[in-house]
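The data blocks that follow each hold one structure.
In the two assemblies presented below, chain A is common to both, partnered first by chain B and then by chain C.
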Partner chain A sequence: MNSAQSRLSLLLLFTPFVLWLALLIIIPHIFMLLVSISVKTGVREYVTGLGNYMVFFTEPLYWNTFTRTAFMSISATLLTLLIGFPVAYYIAKLTRGRTKTTLFLMCLIPFWVSELVRTFGWMILLRETGVFSSALQYFGIVSEPIEFLYNDAAIMIGLVYTSMLFMVVPLVTTLDSLDDSLIEAGYDLGGNGITVLREIIIPHAMPGIVSGCIVVFMLSLGNYLTPILLGGKDSLWFTGLIYDQFITRFNWELGSAFGFLLLILSSTIVWAGLKLSGQSLTNTVGR
Partner chain B sequence: MIRTLPQSNTFKWTYRAYVTLFFVYLALPLTVVCLMAFNDSVFPSLPWEGFTWDWFFGDEAPYIGVFNDRSILRSIGTSMFVAFWVSLLSIAVGTTNAFLFVRHDFKFKEFFYILMLLPLIIPGIILGISILVFSNAVANNLENATGMWFDGLRPGLPLVILGQFSFIATFATLVISARLEKFDRSLEEAALNLGATRMGAIRQITLPFLFPAIAGAAVVAILMSFENFNTTLMLVGSDAPLTINMFDRLKLGSTPVLNAVSLLLIVVSALLGLASLLFQGREKSN
Partner chain C sequence: MKKILTSGIALLAAGVMGATSAQAETLRLLTWGGYAPENVIEMFEKETGHTVEVTKSNNEEMVAKLRATNGGGFDLAQPSQDRIAGAQAEFDIYKPIDLSKIDESLFIPSMLEATKGNTTYNGEVYGVPHVWGTSGLVVNTAEAGDVKDYLDLCDASVAGKVSYRLKRPTLIGFAFSMGLDPFAAYNDEEAYKDILSKVEAKLIECKPNVKTYWDGGDEIKNLLRSGEVVASMAWDTGGWSLNEDNADITFVAPEAGALGWIDTFVLPKRGRADEAAYAWINFVMQPEIAAMITTSAGNFTASQGGDAGVDEALKARYQASFPQEAIDNIKWYPTVPANLETLEGAVLDRVKAAN
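The block that comes next holds the complex of A and B.
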């Protein structure tokens, strides 16, 4: 291939890439930033300023919802890791052949289904006339129907359930690549289960843990369906506030500011996660 | 804690019980959704009132089944239309991106690669509002300048397609790049030596090699598009895709017709998912 031809093909391949990224990602975000720093002073009159961000910091409801969303997303991430890790380890190290494929597939299938259907399932299980409440009454443990929906625990169950796949799959992949003989060596050298886990298994699984945590955290933070449907009207989830500002109140300036704050929070945590674990975006998310 | 090392029985059985419990937890919500699709009651909840097919085939209110529910059928059509275009755009850009990043070296390649990954770490709802804000600004300016209407830039299906495509393209790029990296370039050179043109060699040799990855990416794109909610929610106009339609009904409270739709969705997405795995399996055996 001569160099003129090569330059031409580079140009041809670069065009769709740039169009896609510039028109759908970069420029829209610049516009969102510009809208978020324009403050409405009258009908169709705007001045540039940080007024929208000031509203966020001075109104406790917004500020509390923001920290609450962040805190619950972090908790959901850790919970998903704690629940998912033993399962991923079991699939990767204690099964083989057909069993392994079957178990792995069983983990995947629920997640090909829309999140809406999964959340709907939890609503049927948890609501007052639902499966759990009826079962408890049937067995005589309680005498009245119990409402399990519309509280933080319900949101948590939904978030953990809905993100599980994104934790288990990277964990299985990294644990699969850990050579059994390393674990054996750990035991031969006098380690017990806990030291082997701490010194060999977890360090090896770190890329999987980081990429799982990043994706789960992001998905929880940006989730709208699960908190709204399982948490009800008072779920106080930040994406709910963004939706209200955009669609219900038509206050795009404040909504854009909220959007930017959410973006900053999510990017900061992703960045911090990568830095703390010494990983890069390319080898965690981009695989 | 590996197969070759002996473990105490208590530990082994506790571990197995935990894993079993985990799979029960995974299966439970989907199972109840499917079971309630056959409950002869107007609410998708207990008590069990007997078995019925009405939520699939019923045509008398309130027992309107999926196949007679116009608004559900229309929204399925809308979702398919959106999924088709999203998938087509994503594999087109995914393929050119794969060639760009695997075959070419250019300045700031690392930087551009990270930019390419960005859509994965931007929450879907923010992708939605940023595209909404931008397209609205463009539409306002164009309308002020020309005096014509630009409905395609207002919330509606074209924006939904663009919004979903904005991040699904990254997935397609990753899947197709992984396959292209494994391609043996000497095959292409052989074709060139035998007198093929560059485009001819790519069409005859490289693209058939990439086919399993492209098909797999297309299936994944269709699945992701069908089930996308966050980005779609911010960009949707009057034609609601299936997930939006179901969400609206779910908020108001609906008959088990939603369970019937969900059951169909579960079956179809499981089949599509298995199909995409099959494509990937072919890819490995090649």
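The block that comes next holds the complex of A and C.
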């Protein structure tokens, strides 16, 4: 009786998770896979085949767009790490008590409004008649209005800003767990700032760095709003292509194939990143 | 516990009674912004007892949404007339309209006949007209008075201050302006490809002139209002509403012809409230209601006499943009054959990727 009861409660505990996994992840992916391998031959006529996947490899446009998206996402990730690491170090090691909470909260506050509002905020700042351009003219630094919006740098700013929190939080957590006496010992043994950073702090923070990078990379790669709104007339983004195929071209078959390719290629990049940094999923994200 | 049970039964009873008493249905309407203003919905609900739920969308999303549900989830939709026969052939998402349930005397006869013809698939009529309008040029006449045709957007005098969408109307407009006739080539794939490749070359050549390709109606209005853009390809209503604030900005019917569209009423295949849908169509086509919708949407309707009650200022703007010869020159979209969209999509992608 007792063991049957505990088994039942275990089962009940698992049910929501299993349902969520099956209904929202596994089954939709199976359907998408089936759609992606049906090639349209005429009105309401389809045959099974890999034609949609071939389109990706034969049309250089799609391939280039993916490379561009991946490259920009990796750059955004590295930039976020470069900016986020000192911030996280300052919060974790150099502040105490109330200041620490306040600083942490200040990183969080921009995320209380939706991504759309944040992106529109950047549009107001960067546009030709916007705040930056007007300020520069007011102080006499430039004489003509400048357009900061609609280029790749604007996309980069948007991506870094959007994902900063997801880098800072894991970094603060791992840096918090680093004992201060280890850093002191490093200095006592004759190390300088650079060697201490390289030999003690970074190795200890590695799981946080890698998990932050994975999250930021995936968020940037899968971002739709920021590249579409801030990007210029040549700025194609892979998720935008998928949206176009599904919604404006009614071509679900190609869109599904692109979706799968995005899944496979991004997983490969993350896997390669883990291998290069000598980490594994279990001791980074799984912690 | 008992209390909860009884109140539950009471609720259930109320629900059942509510459903049976007045045959009231919920009309789930998939439409464009401005086509179902609050005041019209209120009058309709009071008169018929039906309730209306509005979802705002656009042509592509309407078809995509209905395709995702096999024509379910909505009881009445309003895609443009050129997106009906093709979408029906391809995805089977609409059901034929029972014309006997529609008061045909409320419609402008020529427009009703044209729409019926364009939305016929396998001998059945799938759509009746509602709102019509055009796309053409919205220009700041003080700064870009020379822009009179689509190709003038590529002129050096407006370099960097031009915006248009990367969508099919742009391809069609440029083709007409280049002296080609894309509509005549709709059913000849080779000829259409040939036209598209010429337009593609032109659009790539024109790209340095473009500030950005706009996506939403509000985006282009902001660009024009702030003066960042002085000439654009956009809808007539956008130009007229900007004209209210800034007399310099207005809609110009291009020399090659404005592109005319008619948004229709169609019944999604698995819609449940057909009675309410027919009631809504007959209700909003009454001249005085149609005038209210014109005021809210900014576009005129296919309602017979519906333009009489419209605000004089809007009429004046309309007449200024459309002298008689411009009206005669409107190029009405014929039905888009299945498959064309894929060809156009590839061209648009290449234009966007070109440097």
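Here, the second predicted complex is superposed on the first by the 268 of 287 C-alpha atoms of A that agree within 3 Å, B and C clash if a C-alpha of one lies under 4 Å from a C-alpha of the other, contacts with A are read in each partner's own complex, and residues count from 1 in each chain.
Operating definition for what follows: contacts are C-beta pairs under 8 Å (C-beta built on N, C-alpha and C of every residue); 3 or more make two chains touch, one makes a residue touch a chain.
Everything quoted here is computed from the prediction, not taken from an experiment.
K.L.:
I'd like to know which partner A:65 touches here: chain B for first, chain C for second, both or neither.
P.N.:
Once the two structures are laid over each other on A, A:65 reaches chain C alone.
K.L.:
Is A:234 contacted by the first partner chain B, the second partner chain C, both or neither?
P.N.:
second
K.L.:
If you tally the residues of chain A touched by each partner, is the higher count for chain B or for chain C?
P.N.:
Here the partner covering more residues of chain A is B.
K.L.:
State whether A:49 touches chain B only (first), chain C only (second), both chains, or neither.
P.N.:
neither
K.L.:
Check whether A:129 is in contact with chain B, with chain C, with both or with neither, and answer first, second, both or neither.
P.N.:
both
K.L.:
Could you say whether A:203 touches chain B, chain C, both of them, or neither, answering first, second, both or neither?
P.N.:
In the superposition, A:203 contacts neither chain B nor chain C.
K.L.:
One more residue to check, A:251. First (chain B), second (chain C), both or neither?
P.N.:
second
K.L.:
Considering only the touch criterion stated at the top, classify A:150 as touching first (chain B), second (chain C), both, or neither.
P.N.:
second
K.L.:
Across the two complexes, what residues of chain A are contacted by chain B and by chain C?
P.N.:
127, 129, 246-247, 252
K.L.:
Give every residue of chain A touching chain B within the complex, in rising order.
P.N.:
1, 5-6, 9-10, 12-14, 16-17, 20-21, 24-29, 31-32, 35, 83, 86-87, 89-90, 93-94, 96, 103, 105-110, 112-118, 120-125, 127, 129-131, 134, 161, 164, 180, 183-184, 187, 193, 196-197, 201, 214, 218, 221-225, 229, 239, 242-243, 246-247, 252, 255-256, 259, 262-263, 266-267, 270, 281-282, 285-287
K.L.:
List the residues on chain A that touch chain C in their complex, please.
P.N.:
Contact set of chain A toward chain C: 43-44, 59, 61, 64-65, 127-129, 147, 149-150, 228, 232-234, 236, 241, 244-252.
K.L.:
Which part of chain C faces chain A closely enough to touch in the complex?
P.N.:
My answer: residues 60-61, 63-64, 67, 87, 89-92, 167, 207, 210-213, 215, 226-228, 338-339, 341-342, 345-346, 349-350, 352-355.
K.L.:
Provide the residue numbers of chain B that touch chain A in the complex, in ascending order.
P.N.:
The contact residues of chain B facing chain A are 1-5, 15, 18-19, 22-23, 25-33, 36, 43-47, 92-93, 96-97, 99-100, 104, 106, 110, 112-127, 129-135, 137, 162-163, 165-166, 169, 174, 198, 223, 226-227, 229-230, 233-234, 243, 246-247, 250-251, 258-259, 262, 265-266, 269-270, 272-273, 277.
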